[in-house]
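This is the structure I want to talk about, given as structure tokens.
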């Protein structure tokens, strides 16, 4: 039984925390909106008032938040003495599971080291359903000993862990590269659907053909959203998709890697924002493409 | 038992013709290089000297050739009286299984109709191994009655037939849209591999992660070629890949559909030609991307 | 005084032909729509009924038509004995001034040579106003002796001739490359205007700044069209602009030259067609960009 | 006579400061590398040891530095009491003439306001030669009264001032949009030069044709660099060009403006960095394009 602190109980964090409790670990949780944290009380969680309280007595503190700013907010905190960095025990480990920038991951790695604390980067692949089913894929990087220590907690949340080395930020690169691959699939689908649709082919049938070829559940599920133009409710908002593609572009620029397809997708997502699609599912990237081809139905268009 | 004519015994055509013979049909074959056709004699094929001879007594004549020019060459022929169009019986059907332009498909549809002949467009998805294993996916379009008539022959070659309507050229649109989706995957892989590689991540491990996410045999097989930079021997040459992307762009332009990702891929393939990669496998699209990131190993580079 | 045949009296051809007459040459003109040709009678032109009649007694026959198909139509003609190729005298020269493909230019060069006739390619830069003012820039390629022979006629129409060598199609490459540079300027203006406009900067003032920097009449005139969103009447239609960018892409692909900016422009022009802007001035490329940024005023939008 | 503080005596700042002195104003200068500042002593400048010393008694303090970080360094300073912000008099004005981000410009505007100080943003167009000749174009934004006050100093450095409103950051948007237009010209030239070169056309002659068309000194000077592949010494380094294009992309994303051409240029510049061209002149963007077309001569390639 491990004493786990958990910060961030959003669509992903809540089911992840619950699975840790179910696996028999002790869990102290903090969420900015406390009411949401209360849901975990019946699962046995101890709810606290600040990131520092969540970290105070933990061996492992997991952060699962929306973006760089949210993570910075809990690690360094705004007010004195409430940040994770200030209260984490010397030998404890902070496991950052959010999708954040390579730069922030490196910065946290150094900040924790300076305090004699440990840092593991462990972003995940999977939507909320996968989190609920403990079927996430976890990409972990950091000192082997520390990753070993986290393994039982990872096992409680995921179906597998990929260890990509000792430099924590590598896990973040893998995460943004993976999300970029999904975005690329959305763009390609958007364009090919527009192409066949304007030629008079039924897109549902085209999707069936694609599924026979690729035999991928990712193509199947996203393809279905695009074929039916079902962009609400958003499983993952277009504006968050833009954030992730931007992270990929930043990571690429930092190592002088041209990624023109990521640029193309970024431009379409920016146009999506301009057209009011920011709150739609990010598969609405295909709607931007359909608009450009003059065939968007316009239904569900952002207000 | 159907009397089948078969024109074009290349890497795809030869195993397809063999499977038709094995299914118990009669087959009269023509290939420009006769020696290659001889391979089919032991399977029971009758080898002839011209496209018109292959078509003369056939109910169904299949053409499976490299490109528009090759198809025009056998349909209209150069010399008098040797073309398919001139000798096909009034009620017989020409089944075009090559990857050709929408424009040529429409032109053939009209030419055959004018002669009282039938025309079915039925391009396939699958590499030579799939053709040998009778595991092709066939996308067929044309008059329902004629497609019905071809069904036993299709069954001999493929694992499934998708019927996409009465207008033959629609099948060609589906084919080029499908190939574009594969090309898009290659581009996305090339970029993401370059991104993670420059960040110090092992690409083989990254591929393993991708495979866990997408669970697609197409990602797996092409991903493996790219991760190991194994671009020879070419399963499908880069210059043919460029031809197919060009067909997608033409089909898109004909219906005023912007397909910027297809444009991006086209530019990378053109650059591949300029760099001498035309004869490598088209997954060498990823090498163009790696070159641009300054990390190409340069091995296997075109001579 | 030279005996000139002139085929094609459109917005460009009519003033060009008139300037040849004014310079004292003899001119026999053919236009598909005869009524338009009649305008030249008062200038001294002889109007005829077919391309072959225009070519019959001419030393120099100029063709100035919309596109490849129109040029093919007059050179080879549909009906027997009415084409330029059939009636041009052995030592006479066909001067193709239309914006056509490199491939067609090469084809005509060979066809004329086979007949013992001469061929000079001489496309022009300049809008109808420049043609009226005899201020065109002419890019000529072909045998030096033949270009010399045409010089007096070129002098009657333009302010200067650039000779780019003996291979006629080179002049066509220069023409499409030049038009591509203008299209690139339109795209760049469209994007920069959208950028400053959304930041609250007055575009008219921004244009003034650009003009101070670039000091180019081309930036000034097109910039003014874009700043005022005055896309009708079209000086040069967007659909013709798409044709020219396509010619640049074809020329580039023939020599394995990636031109990604040309691809980007092509996709925006295709989207312009899809949005109904085909008949607007091609500077409406900037409207496509503005649409994508969500700031198009929508005025003057194609019906 | 105005009492001017001047921070940053680089290739641009030094001649700008000298022209202020020549116009009869008093000037107190600070440069990180003091030896360089000494050059101004003979022109009558007073050289000091910190940004705060340069600001202490000035009515107007001009900063002209390389990038955001350099500007932050002098405004907020690292060590206590040495920053501009701390020593600028209540009614004095900080004139930021560097090419910086919209975000930093807004941040400085607020910081100065909070201190009761004034802030004017006034980036410039022009290369070092233009700075030396007092021929810069200055784009100024800020409170009208403060811009009025700076006018005599602007007159000493430039040939004209464009006032783009009261919100200081607008001047920065105009600056990055203008630089983007130049970058777009470089990309377009690179592509068109590659296109004509591979078709056998002499690029020097092609440039002559372009100059006849555009009649722009900017096309002429950059075109000449590209035609002769003279990328050293760098007038403006490729890596700084990448910085500026990134600023344009950031400004565009902040207002949801897709700028795909800026993205394309960014990718080519990133590839330029990967190929070792970071220290060449940014017109070497054309070399990236030439490499992709397989025709780069490879001379002058970065070490």
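When the chains are written out, they are named A, B, C and D in that same order, and each has its own residue count from 1.
Please note the rule applied: a residue touches a chain if its C-beta (ideal position, glycine included) is under 8 Å from a C-beta of that chain, and two chains touch if they have at least 3 such contacts.
Quick caveat: nothing in here was measured; it's all calculated off a predicted structure.
**Student:** Does B-C or B-D have the larger number of C-beta pairs in contact?
**Tutor:** When the contacts at B-C and B-D are counted, B-C has more.
**Student:** How far is the middle of chain B from the middle of chain C, if each middle is the mean of its Cα atoms, in Å?
**Tutor:** 38
**Student:** Using the average of all C-alpha atoms in each chain as its centre, how far is it in Å between chain B and chain D?
**Tutor:** From the centre of chain B to the centre of chain D is 53 Å.
**Student:** If you look at chain A, which of its residues touch at least two other chains?
**Tutor:** 252, 256-260, 264, 271, 274, 292-294
**Student:** Which word fits the touch map of the chains here: line, ring, star, complete or other?
**Tutor:** Basically all the chains touch each other, so complete.
**Student:** Residue numbers of chain D touching chain C in their complex, please.
**Tutor:** Touching chain C from chain D are residues 102, 125, 137, 139, 160, 162, 164-165, 167, 169-170, 173-174, 176-178, 180-182, 184-185, 187-189, 191-192, 194-196, 198-202, 205-206, 208-210, 212-219, 248, 251-252, 255-262, 264, 289, 292-294.
**Student:** Touching chain A in the complex: which residues of chain C?
**Tutor:** Against chain A, the touching part of chain C is residues 260, 271, 274-276, 292-295.
**Student:** How about chain C: which of its residues touch chain B in the complex?
**Tutor:** My answer: residues 246, 252-253, 256-260, 263-264, 266-268, 270-271, 273-274.
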